[in-house]
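Would you mind keeping the following structure in view while I ask a few things?
Should a chain be cited, it is by its letter among A, B, C and D, assigned in written order, with residues numbered from 1 in that chain.
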Amino acid sequence: MSTFGTHFRVTTFGESHCKGVGCIIDGCPPGLALTEDDIQPQLTRRRPGQSNLTTPRDEKDRVTILSGTEFGHTLGTPIGLTVPNQDQRPHDYTETDLFPRPSHADWTYLLKYGLKASSGGGRASARETIGRVAAGAVAEKFLKEAYGTEFIAFVSSVGKVAMPFIEEQSETGVPSDEFVEMLSTVTREQIDAEPTRCPDKEISKMMTQRIIDAKEANDSIGGTVTCVIRNVPTGLGEPCFDKLEAKLAHAMLSIPATKAFEIGSGFGGTQVPGHLHNDAWVQKTGRKGQKFLGTKTNFSGGIQGGISNGENIYFRIGFKSPATISQEQQTTSYGGVEGVLATRGRHDPCVVPRATPIVEAMAALVIMDAVMIQLARHGAASLLPPMPETPLRPAPFIMSVPGGQAIKVDETSKPKTE
Amino acid sequence: MSTFGTHFRVTTFGESHCKGVGCIIDGCPPGLALTEDDIQPQLTRRRPGQSNLTTPRDEKDRVTILSGTEFGHTLGTPIGLTVPNQDQRPHDYTETDLFPRPSHADWTYLLKYGLKASSGGGRASARETIGRVAAGAVAEKFLKEAYGTEFIAFVSSVGKVAMPFIEEQSETGVPSDEFVEMLSTVTREQIDAEPTRCPDKEISKMMTQRIIDAKEANDSIGGTVTCVIRNVPTGLGEPCFDKLEAKLAHAMLSIPATKAFEIGSGFGGTQVPGHLHNDAWVQKTGRKGQKFLGTKTNFSGGIQGGISNGENIYFRIGFKSPATISQEQQTTSYGGVEGVLATRGRHDPCVVPRATPIVEAMAALVIMDAVMIQLARHGAASLLPPMPETPLRPAPFIMSVPGGQAIKVDETSKPKTE
Amino acid sequence: MSTFGTHFRVTTFGESHCKGVGCIIDGCPPGLALTEDDIQPQLTRRRPGQSNLTTPRDEKDRVTILSGTEFGHTLGTPIGLTVPNQDQRPHDYTETDLFPRPSHADWTYLLKYGLKASSGGGRASARETIGRVAAGAVAEKFLKEAYGTEFIAFVSSVGKVAMPFIEEQSETGVPSDEFVEMLSTVTREQIDAEPTRCPDKEISKMMTQRIIDAKEANDSIGGTVTCVIRNVPTGLGEPCFDKLEAKLAHAMLSIPATKAFEIGSGFGGTQVPGHLHNDAWVQKTGRKGQKFLGTKTNFSGGIQGGISNGENIYFRIGFKSPATISQEQQTTSYGGVEGVLATRGRHDPCVVPRATPIVEAMAALVIMDAVMIQLARHGAASLLPPMPETPLRPAPFIMSVPGGQAIKVDETSKPKTE
Amino acid sequence: MSTFGTHFRVTTFGESHCKGVGCIIDGCPPGLALTEDDIQPQLTRRRPGQSNLTTPRDEKDRVTILSGTEFGHTLGTPIGLTVPNQDQRPHDYTETDLFPRPSHADWTYLLKYGLKASSGGGRASARETIGRVAAGAVAEKFLKEAYGTEFIAFVSSVGKVAMPFIEEQSETGVPSDEFVEMLSTVTREQIDAEPTRCPDKEISKMMTQRIIDAKEANDSIGGTVTCVIRNVPTGLGEPCFDKLEAKLAHAMLSIPATKAFEIGSGFGGTQVPGHLHNDAWVQKTGRKGQKFLGTKTNFSGGIQGGISNGENIYFRIGFKSPATISQEQQTTSYGGVEGVLATRGRHDPCVVPRATPIVEAMAALVIMDAVMIQLARHGAASLLPPMPETPLRPAPFIMSVPGGQAIKVDETSKPKTE
């Protein structure tokens, strides 16, 4: 329904043509420094009207914290967040009174709810994502302070204009070293320097032109977003149904207009034999000098058996071209009569630049929830008396990031017979 | 955790080296004809030892219904299902006492749980999927009886050997007419006629060779599975976080060894402009002569705005090459010492043939749960007095399949001003 | 946490000293006529300042619907509701900076969250219940329209001043005929005619005096609320953990200051042997002339085996005396120093009159959620082909109220051998 | 449905006339020493045939752990538990083919599921509680090892034969000092020494006679069970809907035949004014010499604002007289025909002696789940940087038991201005 997460649980409300949108965050840890200023930047990155590549609707999207904080810190109680709706212009959509928009949610919402709201596919609107982005910003802040975790999403392709790594991988099946290196270093500042949110300046220019072409043709175009999560705590993800990649896929495919998800080597990796695809273990040295086991390559994308291994998590999401275009489209009316629909209104010719903060938000919500589940297990197990010597080879719980607190490899996992 | 679904809720247990595996199905509607014979066939399709392409372990995998049925019908109470473990040979895995297998769950399970079970990545074992397949068979039976819904999964690629539609789509961005037609007609019998479970006989031969090559090289290889769901009730999928494709992605990425998911036109569709990608509405005629709105093309994959529109749902899943191979691998031990691991034991060189019933099962669990949520909404709304005339244009609830009961297009959705 | 219900799911936010309180209702059926005017009356019945028996804080408590409705009807999407906080006077509570109030949540909130908000036991405040009452009003409206279900709560005792049935039952162990009759006839109007919300005018006068005595002594007093639910659909309640009485008990004990719950004959009934306590079955005639099986007595309180049988559901809840009193209390400070606390501020000397709409709201939320679960099961089972003749003796689903649609006793449940 | 808990999550299956009953425990912390021997004792305490006061059915009730442990320790993966059904004698119930038993679940199960299983009210059977008791034993073992928490339930009344504290409290409204003292000292051994499980030998004799009288009269009798939880971690219970007493009430009212629940001073306490009912704070000294804030009296029952304060939690549950009696009962058949039902079969004349381990089990499940939620919050908050000086007066998280690790009263909660 409209709730995501078990411990860090977000419930959203609102559609395009009501008084406001927002969410309730339940389960946020107490004591986190939090004001509207921590949330607004991601909302501003998400909102329309940022450049000539996005819809000119100038939604202000100012967030208000209604509850759950005091003196600039979270209380542990539910955080109510609202953003008022402005600049709605409901009459822009009147043509859709006759025709369900092709590939939009107008018809399926009618099938589902038995009635037709002003905004057609009501909650399918991109405006619904405001609550997610607000909640994600809170999760991101916690994870940054607790573990130094970073969420970086960027545009990796628009139509057929793609960053080179995509082509390379479709040939070799696995990500290139340059790509993997880029994932470790790319910054949000580099990404925001480009209107397309593609950090490759040359490719970004071509993408910009591709979007402008679509706009001028009253058309639209799809693209892909790539996201990396750095400094991920280990041990996240719940066997068997809530594997970490399963939750990430769920989260990403819940974003409007998404059609595809791949993690690590993804579809390309299916072509590569095991002896080339397996990520060998190597001992690495963390920022504080501690030793830990990492992987030589990272074709797994930081997750093995559904559980994070501490390496970067990275994945790519496919967004289709927006359904609402101003071109004339031959289609059929609600009543079954063939005709031509030409939608007016202001629409994004391409959603991927604005989708990047939504991807980051959903990723942060997944990681945050997984962290709290693992902390519960960790906390409970640590209360038990030490296990006797058995082949289970008891290890103290390990929940850390490569550059963070020491992973006690030696004591915990010493093999019996080595 | 180990529970999937809200209304039709499956909880599984068991790993490779315990007494048994199984599940509890809670929320199955009462009055469904059900015996072990309805469940066993899918378990048999899943089990190892079916051909020389799969692991020679001959697990019998006989299921027993412990509760929840009487006189061959479900009671509505929880259905307990168990399958005993046989032929475990725990000593096959002793080398992994020293080395966590590369790209396997051995190390991440240790990170997560702080101890090391005999089976290494315990619940990451394919054996855990028995409970899913059993539960999926029950859901599938209900949906077949209630709506005629069909779930058909087949192998669409092994390594670089792929059915032609994959190549075609990577060029044009959208599925070809032939592929879409094939989705409507392919049968489970055609699929099971091939050891690879690829319905294209020529391609299947090449796939067989590819798998044998991997096996002989003590190596492994990945592949993709494509699944189509036919006769899907309309209106399934819950905005906003539980869009139907999001639940499907979650379900599929929870299957061991999966790395990628795409629905409808998928990644290819991101390259295609909106005016080509939009699925125009057309009036269609059902098997009983009723009129309904369908789509001319089906690049959406049967889901729009997260909600099923009654067209075929189809998606493709990427499975990596299995991590456990008998070749020597240079890696590092639990204790941080470099060395060489050569795993003994009997392992699938390629999991996709056996994965097809698992994919079908997970798809059935997703659809079943979505059906029950929509039935609750439908049932509740139908108890209300009729709405007055407003622009909401109230429509009686519509939940059917194209060939099934009439969709009342004319009365329900007549636009005001046409 | 702050979410209640599975299908009709309410999430609340807000404490005393933040900008506002409210809730999100997710899963409300589409097409329900709903405006603020449907919600406000129960909020007004709940709010302080209604008589000299309640706290003089005059909270306006005007509710705003932010989303989920259009043209006065629900859309099926989440309904966001807010009520701004006014008249907060945070400085009233300063003494509690030094001393945790005895029997209040100040200290336990500090234990739980590790910090101390202005309002002490933040979400333990009665103000938190506004979101519940608003959501309950929506559930109540649906159930009234769908089934004619009625929720009536009244004050049955204040301190030792109790309606006669309580004394009678403590003697005989079972409810008297007069009491059972009263449950079927008492109206909300009769209840609201008394400032105490006790429908017995004589007892109400004594209760009023008891509350005024407490107020004048800077003291407080407890009491009990009795609630009856009439025209309850049959078949509600989920074995085994979510029996209907278990959900009702959960809901009622989640209301601040509650300490006890009994349903039907309750504690008194434990003293009565089975042959006197069992409710014999009798054939009854509904308002529309239909026959149905009901019970001669109703010591079960309308629920058997955790499932509603169509008779009135009734239960009683114990509320302790409010913890915050203006008398001096000998206690110990946060820092462990003994001292005297005399709380200022405006506090209810007795919560039970204002608690009645909260009880009704929570009862409505429980019944609403149970209705939707049963509708899902009902809808699913009704799609199956008819069962063959077996001792399971298949019966069409029966979900109705005694005076409502016919219960098909004859056809459905005819015994084999009678 | 049939799942209880969020983190420590139990799902049960099985009814009287199927092959077996059991449960899956998901979320058990890894590393807990656990074999069947840890679970069997409580099952044995629950099973019938223990004395002449209970049903003579001699169910062996031997539990088998199917998964989730190895080398005698939990792995963190789901624990599957089964107990086979024996000695079912399905034909004992044939009379109930014609008549739904008064006050039993036969009729309501038919209303709910539309069919009639052999066991009538299937999952309403006491046999369903086996899975709960098994799961509760695991939770209890963890809590004993982690915190020294103890769960002690005993029979406090049978019919009108009651331990003196019940009468005393109905007079004074609050528990006596002797009763509170007894709660701190009573042992399971003392309780099991009596066939009634009432630790007061004199009262137990009278109870025994009362039960024998009922048995000889082919009748049945109800009673109450009182439970105390000692050494409870502080900070447990989730505002606002999942207050600890709400979860306990939910758990207890989900046990078959329960009708009433009261915690702390309960219904009696509603008669007592605030200045007498409030529990003053006092500084206490723990077993290790540490200082902590406790309460002078404990009328709150160890929970304030829905959160545990570290004092003993105690509550009382009312069980009605069993519905199935061998006397002739005038009633009405499924088909609406009046007649006389005389049930054969072996039935408990009084359930409370056997109910005590079920009460303990459900209490342990509630506490265990609450512990894990609080550990998640605790763990997350402890990762944050220290809060600056604000009136929130940040305190390190406190989760301990009075006799356990030190509660840091002085540093954490020192008021600024004292």
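We take it that a contact is a pair of C-beta atoms (placed from the backbone, for glycine too) under 8 Å apart; a residue touches a chain by one contact, two chains touch by 3 or more.
The shown structure was predicted, so the numbers you read here are calculated from the model rather than taken from an experiment.
Between the contact lists of chain A and chain D, the overlap consists of B, C. A comparison of the B-C and C-D interfaces places the larger number of contacting C-beta pairs at C-D. Each chain gets one centre point, the mean of its Cα atoms, and the points for chain C and chain D are 23 Å apart.
Each chain gets one centre point, the mean of its Cα atoms, and the points for chain B and chain D are 40 Å apart. Centroids built from CA atoms put chain C at 43 Å from chain B.
Shown for chain B are the residues that touch two or more other chains, namely 1-3, 12, 27, 30-31, 70, 73, 75-77, 112-115, 117-118, 122-123, 239, 377, 381, 387, 391-392, 394.
Those residues of chain B lying in contact with chain D across their complex are 1-3, 9, 11-15, 17-22, 24, 26-27, 30-31, 64-70, 73, 75-80, 82, 112-115, 117-118, 122-123. Contact residues of chain B toward chain C in the complex are 6-7, 27, 29-33, 70-73, 75-77, 142, 145-147, 239, 371-373, 375-381, 383-385, 387, 390-392, 394.
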